[in-house]
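By written order: A, B, C and D. Residues from 1 in each chain.
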Amino acid sequence: MEIEDKIMSAKEAIKKFVSDGNLVCFGGFTHAIPFALGHEIIRQRKRNLTVSKETPDLIVDQLIAAGCVEKVIFSWAGNPGVGLLHAFRRAVEKGIPHPIEIEEYTHFTLGARYFAGAAGIPFVPIIPSVLGSDLPKYNKNLKTIKCPFTGKLLCAIPALNPDVAIIHAQRADKEGNVQMWGIIGSNKEIAMASKKVIVSVEEIVDSEVIRRDPNRTIIPAFKVDAIIEEPWGAHPSYTQGYYDRDNEFYLEYDKLTRTVEGMEKFLNEWVYGVENRKEYLKKLGVERILKLLPKTYSSIPVDYGYYG
Amino acid sequence: MEIEDKIMSAKEAIKKFVSDGNLVCFGGFTHAIPFALGHEIIRQRKRNLTVSKETPDLIVDQLIAAGCVEKVIFSWAGNPGVGLLHAFRRAVEKGIPHPIEIEEYTHFTLGARYFAGAAGIPFVPIIPSVLGSDLPKYNKNLKTIKCPFTGKLLCAIPALNPDVAIIHAQRADKEGNVQMWGIIGSNKEIAMASKKVIVSVEEIVDSEVIRRDPNRTIIPAFKVDAIIEEPWGAHPSYTQGYYDRDNEFYLEYDKLTRTVEGMEKFLNEWVYGVENRKEYLKKLGVERILKLLPKTYSSIPVDYGYYG
Amino acid sequence: MSKRYAKDYTLREMMIVAAARELKNGDKVLVGIGIPQLAAILAQRTHAPNLNIIYESGIFGSRPARLPLSIGDPTIVSGSAGVFSFFETFAYLLQRGYIDVGFIGAAQIDKYGNINTTVIGDYSKPKVRLPGSGGACAISSFAKKVIVITPHEKRRFVEKLDFLTSPGFLKGGGSREKIGLHGGGPSVVISTLGILRFDPKTGEMYLDSYHPGVTIDQVKEATSWDLKISPNAKETEPPTEEEIRILREEIDPMGIFLKK
Amino acid sequence: MSKRYAKDYTLREMMIVAAARELKNGDKVLVGIGIPQLAAILAQRTHAPNLNIIYESGIFGSRPARLPLSIGDPTIVSGSAGVFSFFETFAYLLQRGYIDVGFIGAAQIDKYGNINTTVIGDYSKPKVRLPGSGGACAISSFAKKVIVITPHEKRRFVEKLDFLTSPGFLKGGGSREKIGLHGGGPSVVISTLGILRFDPKTGEMYLDSYHPGVTIDQVKEATSWDLKISPNAKETEPPTEEEIRILREEIDPMGIFLKK
């Protein structure tokens, strides 16, 4: 068996690993949201997806508007620091473009589902935070259990094991070892929990770069099915050290997508109207790109020692 | 309130935070075993301790021989890569120097106790690995529970929340943010699970060094009560990038401590016979120290970006 | 040195200052963007220099080089002391009981400090679908003290929530403790009209102070239920000149949040 | 190219080679020090170049610059692909079912492949107190395939264990599946006398091959119960010249483990 070639384009990866009806889990928490991969799902017109993400953010909003989504699993559906998600609202409030099912959690309980999925246990108990709320009335996955040691009431949260995890990170080697810094969110848990894992990275680096700092690896190569070198693959969110969050984009999106027509316009311009992320970046333009580049602020090397 | 001064000597830290009868949890897994802090506990003749460590290693063996220990919580009590722990065996088999209680786990189930302790939940369920074994006959902390979702039998493991965590790591700043690389073991979990946390480090570094690489922090300052700058504080185990494991020492210990007299000799020479780690290192000698120094093998800096 | 109170300040600034005063030195505070973040930074620069600011995204010990625009802003990471994962933030920090103070907002709040940020109208056929809990439910459950920041309007201060997102004192009278939540529950509501606290026995909200220029009647009118008034109810202590100076000159010189 | 078998090899080398042949290319293998590690490296350098070696201490993708002396040796970290924490190693790798092959040793083993590494004699008053389970119980429970490496002696191959540390097929006949262990259980025992496998229906051990120079009677005599013998039992395939060369010249030129 040769080392299987995991390096491919976003187009190939989505085609190969995402099927209609799949449970697709998106990584990223404000940081490193996999927009490029999400747009490719829209372009390939995948249908009846169940999409899971703590904060659906603009990407799931767009997937909903494009008609890819049957059901959303989430815990906070807003436009972070800006306001509401209009396509999400239209779908939930008015069934536009079609009704969607929602399965709602709190951040903690959805994070707990990912954790249990990664750990290979059918459920994890938590102190009954969510039991005081109205959520259990609508979400039958929030059960109660008695602690066998203290006798106390706990909330039991079942594991979530998605079909596909979609993740963006700073870098990977060609074997598929993924490294990340900054806000990690649930990326490790969803990768370990999922059946297939697609990762876009800012850079594919030499194996030696990864291996000189193994503690920075968040996903082992054996869990990764596709690596896509996709610079700026997280725009309009950001990749720590590579570019800043494009806050203007988030604000413009908020204004534009308040109407169905505006949303259509957005999708036609930024998703359907471009072939891939490279064309998207051309459209974004040099000026905007330069504005989002941070100055350097680097870590200091640590010594692992050569033990020969 | 001023920033409380957490920097102190091993002597001060053990005096201040470890009391007779405490449940003391040792960090380190082959890597970074806190020998200097353990020796200080022996010198201060602490008594009736319950000591928890997955692999008790030589340090808990010595604590037992010195009469500090009432009970050991563990999952693998051997001399790693060498053989058995003689003082541990004498105490369990013959009650020398006095009988000790043992509370035995598997690696997974003890790690699960630490995890649950860190997570603030009273128990965590696992697939019933240990239920096939004879351990539950002797350890009443391994209970069974039914999964409320699948109906399947699971093993329930209760949280462990030690009085004190004793940890060794590469570095910290003076506020107490601790960074570590190489094998991390359960260090993060036992720090978050414990009431008090004592950390010895190879170096106290400038805050800027820590803050240029926040993802390397394993324990936040607010959870740390004492920071001890103790170079070579993990010898004869090792600190990644600083020195190698002193395998000869482990082998000599194995030979010497097969008898009670040999064990006494060891303690008199290496623990009671020295005032502190500095004296221990003088005794160890320059030649041995030089032999254990690795060549450099450094990580490559990563850019976090300056977002001003 | 006697305090010199500011004469020129906005309601928003009043609320930020009031929130800052609820924070004690050394507190570990979980903050969101907007008023909570400004209040925490203000407290750090006045009476609580060793306040630990923690963001829901898992960052602690931030030293942001600019005012962060979201809880995931890269500026809160660069130069910070450490990063927890999502699950660790909720399990190892919140559920474990290490957070002293948490902030939350409210679309609706009832007299026991229970909060709705999920939906206006029926859950299954909502009039307005709001973002939902996010971290709020865990903060309300586990933080030792919760500070609620909200506009004070009759449609927000309601008899009955359309949806209970984050537990306050539930139905009052110890019903919160009964389900086993170890956090202290809501400690104070800082509204656009005044400062409200909770009776430790009954768990019911009462007016503790009204902001300068506001009357008790105004507050009662903006509340759907018959709001209890403290016998010692007084005017809220206004911001000092120094507090306003720090806010405007040091913390938000561009007016990103102050002018909102 | 026909295989050229070695004429000069030790029993230890025979066992290492036999273990290496059990490993498939691409397998994720959890190894310990000694025979397992040497077998895994040998497999990597012969038929399984993409074998994933994982150490119990959480390290994956190691490229050790010297032969590691323990599963926590710093040389397995420097230059490796990544490091999991202790809990992650057992939960995210083992319990989650990602480990294809695990190795364990045995102080005692019974006919269903159940293993004792805890105690000789009574648990509460032991004759010899051994280290205990460590990772063995989880490996036996969760790895898809378990390879047991052990000396073959009557006192080890026993009717009844003094203590069951790591589950094999328990009492046989599906009793392992009944408690819900998803790992495949013991796949093979490589002893100092031969190679033993397990009947997929009954879970009982049988002799599959005897090492060169060993007779079936010898194996039976060194086993406490009436050991089943495969009708096709044959001599174990000896090491090839190339395997021995790689072991001695490339993997352990100092003879640290080969000469033990």
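We take it that contacts are C-beta pairs under 8 Å (C-beta built on N, C-alpha and C of every residue); 3 or more make two chains touch, one makes a residue touch a chain.
Since the model is a prediction, treat every value here as computed from it, not as a measurement.
Looking at the partners of chain A and chain D together, the chains they share are B. When chain centres are set by their Cα atoms, the one at the greatest distance from chain D is C. Averaged C-alpha coordinates give centres for chain A and chain C that are 29 Å from one another. The distance from the centre of chain C to the centre of chain D, with each centre set as the mean of the Cα atoms, comes to 58 Å.
In this assembly, the C-alpha centroid of chain B lies 40 Å from the C-alpha centroid of chain C. For chain C, residues touching at least two other chains, in rising order: 59, 73-74, 77-79, 83, 91, 95. The residues of chain B that reach two or more other chains are 120-121, 126-127, 152, 154, 181-182, 184, 188, 212, 215, 240-241, 244, 294, 297, 304-308, listed in rising order. Contacting chain pairs in the structure are A-B, A-C, A-D, B-C, B-D.
For chain B in complex with chain A, the residues that touch the partner chain are 120-127, 141, 143-145, 147-150, 152, 154, 156, 158, 170, 181-182, 184, 209, 212-213, 215-216, 240-242, 244, 294-308. Within the complex formed with chain B, the chain C residues making contact are 25-26, 28, 49-50, 52, 59-61, 63-66, 73-75, 77-84, 91-92, 95-98.
Within the complex formed with chain D, the chain A residues making contact are 1-3, 118-121, 173, 175, 177, 188, 192, 210-212, 214-215, 217, 220-223, 304-308.
Per the touch definition, chain D reaches chain B in the complex via residues 33, 56-59, 69-74, 77-79, 83, 85-87, 90-91, 94-95, 118, 123-124, 126-138, 140-142, 163-167, 170, 176, 179-182.
Within the complex formed with chain D, the chain B residues making contact are 29-31, 54-55, 74-78, 80-81, 84-85, 88-89, 92-93, 104-108, 111-112, 114-115, 126-135, 137-138, 152-154, 181-186, 188-189, 238, 240-241, 244-245, 247, 294, 297.
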